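In what follows, chain A forms one complex with chain B and a second complex with chain C.
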Partner chain A sequence: MRRVAKGVLYKLSLVAGVATLLFYAVDLMPGDAPCFGPGMTREVCAQIATNRGLDESVHARYATWVVGALTGDFGDSHRQSRPVLDLIGELLPNTLLLSGLALVLAFGLGILFGVIQATRPGWVDGALGTVLLFFYSMPAFWLALMLILVLSQGLGLFPAAGVTSVDYDALSGPGRLLDRLHHLVLPVAALTLVSMGGVARYTRDSMLEVLGLDYIRAARARGLSERTVVYRHGLRSALLPIVTQLGLSLPFLFSGAVLVEAVFGWPGMGRLMYDSVAARDMPVIMGTGLMFAVIVVLSNALADALYALADPRVRYERD
Partner chain B sequence: MTAEGTAAATPLVSVESLTLRAGRDPAAPVLVDRVSLEIAAGESVGLVGESGCGKTLTVLAMAGLLPADVSKAAESRVLFRGRPIEACEPSPLGREIGFVFQDPAGSINPVLRVGHQIAEVVRTLKGTSRSDAHARSLELLAEVGIADPAAKARRFPGELSGGERQRVGVALALAGDPALLIADEPTTGVDMIVQEQLLTLIEGLRERRGMALVLVSHDLAVVAEVCDRVEVVYAGEIIERGAVDRVLTDPRHPYTQGLIRCLPGRAGHGVRVAAIPGAVPVPGAWPPGCRFRPRCAHAHDRCQASPGLLLLPDARAARCWLVNEGGAP
Partner chain C sequence: MSVTDRGTARDRRGGPHGTPRWAVALIPGLGDLRSGRPLTGWALLGTWAFLLFVLLTRSGRVAAALSGEVSGRGAALALVTGLALVWSLALYSSGRSGARTVRMSVPWRGLARRFAANRGAVLGAFLLMGLGWVAVLAPILAPADPLATGPLTDRLQGPSAAHLLGTDEINRDVLSRLLHGARVSLGIAFLAVALASTLGTLLGAAAGYLGGWLDRALMAVVDTVLSVPRLVLLIVLVGAVGRPSLLLLVLVLGLTQWPQTARLIRAEALSVRDREFVRAAEALGFSRTRVLFRHVIPNSLGPVIVAAALGVGNTIILEAGLSFLGVGVQPPHPSWGVMIARGREHIHTAWWLTTFAGLAIVLTVIAANMVGDGLRQGLDPRAGDDR
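Presenting the complex of A and B:
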């Protein structure tokens, strides 16, 4: 119980630390965002700055933000004049869908290819490894551009941008689903192709290490089938480090891939963050920043919990 | 080779001129050199020798479990019930040959519950249903002397004591009701009391089940306690064989004599236990002729040529020139 309380306290202080650091770091950024565009006279700028509380000291603004955040009020976006939480609530589902699909596919396919590589040494291992490394080495945004160039512009198979088509509202129920899936193919493919190579590599090495262990040889010696030995004994142990990897990848679900979302014009969290930093939109930067801090901390805790669930040794050795 | 009048019966296992090398290269160092031995159904045989002499590799070859980096010479044959072990279908592993490994902590999957692991082997080998296999796993745990099997079956290997883990190792080896149990240093890393319990268990299981037993140990006292027959191994060769009580009371090879002098029980209280001077030569550095020569108190010019394994009455044999002269002094 004490250990749990200590852990929670530690995690809370971590989140508070990140928020503080972020606030002061953003304050140090050069540039007064609103002061460009037509009609932006010196007086208007000064008025805007006063409205945003910029004439107060940074400490005072920080104190105001903390009090607001503690009561669940993250303020309004300067840029869009809407509550930060509304913006996040609107864009987060798009990112969850795109990143979630990509994450599931990257881990699913990565583990599958890794196991195939580990169990078929020789040319299968080599060929798969080369192809996976090819995609792994590419920048995601560049691969995204190439996919658009070939599959969208060239062959016209998939839409190049957006979440839905223009005529989305006119479509029937199943038609809407298909339309959404159609728009998901390219961004999901770009993210999956780039990240599954790492998972495959990790799985392959972990699997090879485990398959050389004494208890795997012993399992064969007891008359278990090769299938049981490789999948039930080998894969189970080999996946332990992958579970941690998966837990640590979870923040990606919420952050999205900034550049890939930009390339595909995907209205998601990645783009929201990018735009808010460019516009010095402090409430949005702080709101998303705090959300990420919480999610990273929770993901780490979840990774630990998942690992303990998967590996009994962690459970009883802690007692 | 055994002249016990049961020559007509096919031995359970016969190893014929087993030569093992550290690698595929025919010039690679020899690890086991032309070892031949037979295990009859129901008999218990001990393999004794210092570490690095080839005992473990010999029994791994017997079970067809050689590691990939060890190669078997072309003329070597391992027959199980008269057929080459590689050609036996289905593999006798688990079904006919149970193997108890040296290190129970490393040879049992640490992330699966022990009951599940035993039931899994039962299901594979016996084709029984899930619930029958579970019931059988509890019976096996009880048979190897684990108190409260139902509770222990739900534990992970790391939650058991060293002795319990090795009992689970034995239960796993017994799951297919094998005709031969091979135990490779099964009491490594446990204290004397647990060692005694494990040996009593293995001996009792062998008697009740009528299995044959091959026990590998560096400790002649362990083999003497459990086995009927002993094969003494030195530098990749068998250097003496015979009934345990005969070999203990009347050893013919100077190395065996040295081993017996080294038994702590022989020395009185406060008396320093004897040791054989020198160390076993490593594979590849075996001297020509008798390999024990550099450490032997009776070494002679003649020992520069190997005497070969000389056969003696009562199914005994020893690899020493002195046996022809009525045994070593």
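Presenting the complex of A and C:
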């Protein structure tokens, strides 16, 4: 129990570390003066700076931000004059939908392809490996553009941008769902295709190792069907290292999502983050950065827990 | 470097069979090919043929660059020196009886053998080498100046004989920009990975071997940096500056990558720390620094090498992403990411802008990944036979 508490404390300190890193990094960068645009007199400018606390020292502002954050107040966006939490609450579901779907599909397909590669050595393994490496080596945003070029512009199959169509409000219930799914296809496909190669490779290597073990031979000797041997006996223990991979691949997926969101004009956290950096919108940068960190740390913790759950050898012993 | 020493003893002593000595002396790599070292042979022969071809077909350009009339003096010098080196190596080694043998310690020899047996890895290594030469020789190879704009009235030309890959939105030659883009993309990626590998190796190995507060502090930093998606961290760091220089990009990409290397080598150093040879070195009274550099680091390097090869591909993709968002390489520098971003605005009318720049990235990253895979399998003795 004490070990779990220690772990939680460490994860919390990581999030705090990220907050400190981001705050001082952004502050170090030049160009935070809000003094351009029409009607910007010296006085207005000075007033804005005072309002944003820019006349205080970095440390004072950091302290103010920490106190606010601890009480659940992340400040207002400079650009939109709305609470940061509202903005995040509005856009986070879009990003989670996109990344979540891509994560599930990438792992589902990746594991499937990995098992196929491991059980069919020879040309199937080689051909699949080559195709997967090809997609794995692509920038997600370029693949997204190519998908738009061929499937959207060339064949007119899928919409190239946005979350919903223009006539979304006029659609019926099921029509709306279909419209949303229709818009999801290309961004999710781009993210999935790029990420599944890595999963497949891990699965293949892990499977090959497991399938060479004695207990698999024993299972075969007992006359079990190949299917049962591979999926019930083999895959179950081969999945262990892949569970860890699930937690670790989340930051990677978010990185891809930021770019794919930019390509598809997808209103998500990535775009929010990028726009706020361009506009030096400090509270939003901090809010979104922290949100990403929390998600990553949480998913790592989840991966640890799943690993402990799946593998009796690493279960937390009482101490 | 001799990678596959499969030549028989007779071959080595008596020289290559059935090939006149003058041919061996004049054509680099032939000797290696004849005495059963195909990798070294093809690498030398390929480099020699490629450089000679470039020199012969673009001799006017090389001469002009050497005399300083046109830009690209460095590239011309590299071409001439590279060719001279390869050739003199052939002359030198053909004059000696017996083949060159490079002595490698046992684990590295095994790695080299398994790597050479991996067709994909070898292909990737040759590809990467070729791309490296393309990057170095870009000013000589490019048919046009990558920054020179043509008349705007016929911009966005499709691929044709005059412009093999078409022209862009201000009528610059896309092929020339791609070749010069290789310089920017490969240069940034290799420098950033070199920085990250060096820093990560030193810090990670020190943390793993010495332990204590250094280890705890360092791992806290590593875990913190790895808790933020790297692209998000990069956008914040670079985006806040606005127009980053190439040097700043190298620094930022390198400084956000070393934690991964450090984590890998720390784990390795932790297991090496308790091995007999380290204990023995300590018992002999060698200083901790000496043990760290002479024993711990060399024996923990495996995963770092793999991570570096895979990191090159990864960094190229990241740099392209940053440039695509406008916070990476700044125009008019020809970077593949910038070209994709510009091409995106014209994707409806000029597909060649985005497509070719992306294919260049894919080709480079595939090559780096194949090399990384080969190294990974080569370092894992279970993956292949081990004599």
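The rule we apply is simple: the second predicted complex is superposed on the first by the 297 of 319 C-alpha atoms of A that agree within 3 Å, B and C clash if a C-alpha of one lies under 4 Å from a C-alpha of the other, contacts with A are read in each partner's own complex, and residues count from 1 in each chain.
Convention: contacts are C-beta pairs under 8 Å (C-beta built on N, C-alpha and C of every residue); 3 or more make two chains touch, one makes a residue touch a chain.
The structure displayed is predicted, hence computed values, not measured ones.
Contacts of A:153 after superposition: chain C is touched, whereas chain B is not reached.
Judged by the number of chain A residues each one touches, C leads among chain B and chain C. When the shared chain is aligned, no partner comes close enough to touch A:305: not chain B, not chain C.
Of the two partner chains, chain C is the only one that A:137 touches; chain B does not reach it. Contacts of A:296 after superposition on the shared chain: chain C is touched, whereas chain B is not. In the superposed model, A:104 lies in contact with neither chain B nor chain C. Looking at the shared chain after the overlay, A:263 reaches chain C, while chain B stays out of its contact range.
In the superposition on chain A, contact is made by A:273 with chain C only, not with chain B.
When both complexes are overlaid on chain A, the residue A:228 reaches chain B alone and has no touch with chain C. Legend: residue contacts after superposition of the two complexes on their common chain; A:213 is shown touching chain B, with no touch to chain C. Across the complex, chain B is touched by residues 213-215, 217-225, 228, 232-233, 236-237, 240, 310-313, 316-317 of chain A. Considering their complex, residues 10, 13-15, 17-18, 21-22, 25-26, 29-31, 133-134, 136-139, 141-142, 145-146, 148-149, 153, 251-252, 254-255, 258-259, 262-263, 273-274, 277-278, 280, 285, 288-289, 292-293, 296-297, 300 of chain A touch chain C. Chain B contributes residues 63, 65, 67, 91, 93-95, 98-99, 101, 103, 106-113, 120-121, 124-125, 156, 158-159, 172-173, 175-176 to its touches with chain A in the complex.
Contact residues of chain C toward chain A in the complex are 220-221, 223-232, 235-237, 239-242, 313, 317-318, 320-321, 324-325, 327, 337, 340, 343-344, 347-348, 351, 354-355, 357-358, 361-362, 365-366, 369-370, 373.
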